[in-house]
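For reference, the structures are reproduced in the following blocks.
In what follows, chain A forms one complex with chain B and a second complex with chain C.
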Partner chain A sequence: MKRVLGLALGVFTAIGGFMDIGDLVTDALIGARFGLALVWVTVVAVIGISTYSEMAGRVATITGRPVFDLVRERTGPRIALGNVVVSYLVNALTLVAELCGVALALELLSDVHYLLWVPAVAVLAFVVLWKLPYEMMERVYGLTGLALFVFVFAVWQLGPDWGQMLSDVTRPSVPAGEGLPTYFFYAIVMLGAQMTPYEVFFFSSGAVEHEWDASQLLDARVNVFLGYPIGGALAIGIQAVAYLALQPAGIQVEHLGQTVLPVAIAFGKIGIALAVLGIVAATFGSVMETLLSSSYTVAQHFGWEWGKAKKPVEASRFTALTLLTLVAAVGVALTAWNPITITIYSVYLGAATLPFTYVPILIVANDRNYLGDHVNGRLANGLGVIYLVVVTAAALAALPLLIITKGGL
Partner chain B sequence: MARFSAAVVALAALLLAGCVGPSRTDRDYREKAANAAESMVSVVETARLTVESDARGNSTARYTSLSLSEGEDDASSIAMSFEVVQPPSRDAEQLRTDLSSLFSEVSTVLGDLRIAARAGRGHELPSIAEPLPELTARLKKFMELAST
Partner chain C sequence: MHAGLDLLDRHVVDRDGRAVGKVDDLEIECAEDGTVEVTALLLGPEALGRRIGGALGRSMGGIAARFSGDPEPARIGLELVEELDIVIKLKHPLHQLPVGRFERWVREHVIEPLPGATDATG
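This part shows the complex of A and B:
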């Protein structure tokens, strides 16, 4: 019973952890603009992130070492350094977006401007980071993030035409007034939002922080193969409510408040409260994950002592980098650059750099010197290669599409 | 070096993507007008749905107030971005005058809504919002300009 409960908690954590500000904004934006015509991207993204997270988790549980540590050893310091720099920058920009996301959600409940919330959220993040045990930290925001299921329940409450919805999902078409390049630009943005690189770094490093070994491979797999698909269903729920409530009115999502509007229509004040609670939990969790992932990648590459579980004095460079990254992110957030724009660009850059994350994982997961009999099987390799082609094509198409569509206009 | 150049191009594209360029032809100007009208419809409809939710007791005072305030800011930004574009002909100048006048009407209603919401006069919102459906209908006529 205890084992089942542990597995269930892990899955709930993965579901809450799947959602972040990038997901929340792009799901609502795309649902309002393209209806359900891009649901297939969520399905593609969930299979992809599950495939690569399982590989990264397996590498960490079998070797006891996180991915970037092995990447450096396997590919050499020069190639690995380029990978680390790109990953760090994308993680850090995502951190800015997540900080703004928490602040914007709090603004929905208070009379305080979101910019004033940003430093407060950062201070809270730092305190939680060093005071709360790793597992509890994950579970608090993972479980609270389940409040986001109010979006899924709102689909029923809004009384949709299920037949029409099924048809829109299974026979996707570009809506009238939208061009094919814009459609594919947003497909790439959604891919970036849902295959966020930091999730893989965090999952892999988390397995080491949890001190998982080969006997806990099942835990890792259950988390990934149940948690992420259910998280994907949540993402589709957000797209669906935006399609039902916002698209008929011609609303283009540019504020977090517009993401919440369908839930307000469906459930009123309690809906707003649950949605905001879920958004705060999910984005605060993502603040932790992106912040830690930024420092994990650098510390693991350079061979520093690292880990949230370690005392700051034992991992001084890791701690200093974490603090500096947080301060820099607050500085960028306080420039008052439109936080939704930051979010869209962070997921866009995430998409454009996905191959940097996935190539090394695929290489290491095929190395018998590290994994012995636990190397990738045919299915993992088949899916891994297919997804490598997909994310590379998306990365190559991202810049031309950005220019052609003038940033998705 | 090649990678650095690519990064600079990418960054420049990112920065330029959101900027409004000049219009050299009537067709291009009509497209800009239609896009601005489409964005304004989004603002007006968000305000309409927010007020409807509030009137049914489905929204908190803070949510309504913030949503209307953001809408007013957006309306002002959309109007300003459109009005700074140089019209390429007399016809385009007339289009600018007509659409700017409509944007001004929208801003007035949104401003009144924001003031009432912030002052805690939520009961006044439905009557202030009455012109919104008609404003949406008029804006949609400008959206059709892109295909003419």
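This part shows the complex of A and C:
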């Protein structure tokens, strides 16, 4: 029983880990503009993130060391350093977006401007970093984040034409008034929102923080293969309610409030409360995950002692970098640069740099020196290579599409 | 043993498993009979900077040298190595090794002054 409960809690954590501000904004934005015509991207993304997270989790449980701790030995210091710099910057920009996300959700509740909430959220992140045990941290935001299922229930409440929805999903078409480049630009943005690089950094480093060993490989796999698909179902739910409630009214998503609007239409105040609670939990969880991932990658590259579960004095450089990153992210957020724009760009940059994240994982997951008999099988390698082609194609197409569509306008 | 593949960039831990750093470079001696032997592991940004090369490598080594007041990287003689595996384990605890100046400086000047820095969060 305790075992089942432990597994279930892990899955809830993974669902919370999948959802973040990038998802919440792009799902609603895309649902309102493109209906269900990009649901297939979510399916593609869930299979991809599951494939690579399983590899990263397997490497960490078998070797006791996360992928980015090992990769320097295989690619050499120059390429690895370039990779770390890119990963750090993308993680840190995503952190800015997540901080703003929590603050925007609190603004919806309080009518206090989000910029005033940003420092408060950062202080809370500091307290969690300093005081809350690792597992507790994950469970609190994982369980609270389940309130987001109100978006899925809202699909039923809005009473859709199921036959029409099914045909929209299975026979996607570009809506009238939208160009094909714009459609593909948003397909890449959605891919980036759902295959965010920090998820694999956090998952593999988290396995080490939990002190998982080979006997917990099953835990890692259940987390990935149940948690991410359920997270994907949530994402499709958000797209569907935006399509049902926002598209007919011609509403474009330019603010987090519009993400919540369909739930308000379906369930009224209680719906708003649950949606905002879920959003605060999911984005705050992502604040912690992107923050820690930023310093995980750097510490692991240089061989510093690292870990949130350690005493701060036992991992001083790691802790100092984490605090510095948090302060810098607050600074960038307070420039009052449009938070929705920051979100879209962080997601876009995540997509454009995905090959840098995935190549090392594929290399290490095939290395018998580290993994022995636990190296990739045919299925993992087959999917791994296919997804490497997919994310590389997306990364190459990202810049031309950004220019042609002027950022998706 | 192929030094370049088997030693470079490996993770180094102390006797108790605490992180010491990465093998950033190697000290190699050529004997008179022409044999080449690895004599020590070199750790720290000074060594890594030299290997990365270019303006970036030079500035990395330069900044590290300015902070530590010593242009040479930390040197760990091979006689201090307990075990060579996917992780290199040393015979001594961290405080007896000639490494960790930067970690110590950050601990004493940045982390320790903060309240609760010595509490484990778990």
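The rule is short, and it goes like this: the second predicted complex is superposed on the first by the 409 of 409 C-alpha atoms of A that agree within 3 Å, B and C clash if a C-alpha of one lies under 4 Å from a C-alpha of the other, contacts with A are read in each partner's own complex, and residues count from 1 in each chain.
Convention: contacts are C-beta pairs under 8 Å (C-beta built on N, C-alpha and C of every residue); 3 or more make two chains touch, one makes a residue touch a chain.
These figures come from a predicted structure and were not determined experimentally.
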Chain A as common anchor, with chain B and chain C clashing or fitting
fit
On the A-aligned overlay, A:Ile251 touches which partner chain: chain B = first, chain C = second, or both, or neither?
first
Partner chain in contact with A:Leu334 - chain B first, chain C second, else both or neither
neither
Once both structures are overlaid, what angle do chain B and chain C make about chain A, taking C-alpha centres and a multiple of 10 degrees?
130
First, second, both or neither for A:Ile403, with chain B first and chain C second
first
Quick one: is A:Leu217 in contact with chain B, with chain C, with both, or with neither? Answer first, second, both or neither.
neither
In the overlaid three-chain picture, which partner chain does A:Ile265 touch, first (chain B) or second (chain C), both, or neither?
first
How far apart, in whole Å, are the nearest Cα atoms of chain B and chain C in the superposition?
12
Please report the chain A residues shared by its interface with chain B and its interface with chain C.
none
What residues of chain A sit close enough to touch chain C in their complex?
63, 65, 69-70, 72-73, 76-78, 80-81, 129-135, 301-306, 308-314, 316-317, 319-320, 369-370
In their complex, what parts of chain C are in touch with chain A?
8-12, 18-22, 24, 43, 45, 48, 51-53, 86-87, 102-104, 106-107, 110-112, 114, 116-122
Over in the complex, which chain A residues touch chain B? Could you list them?
107-111, 245, 249-252, 254-255, 257-258, 260-261, 264-265, 267-269, 271-272, 341, 345, 348, 352, 399, 402-403, 406-409
Mind pulling up the chain B residues that touch chain A in the complex?
9-10, 13-14, 17-18, 35, 38-39, 41-42, 45-46, 48-50, 52-53, 56-60, 62-63, 66-67, 70, 74, 136, 140
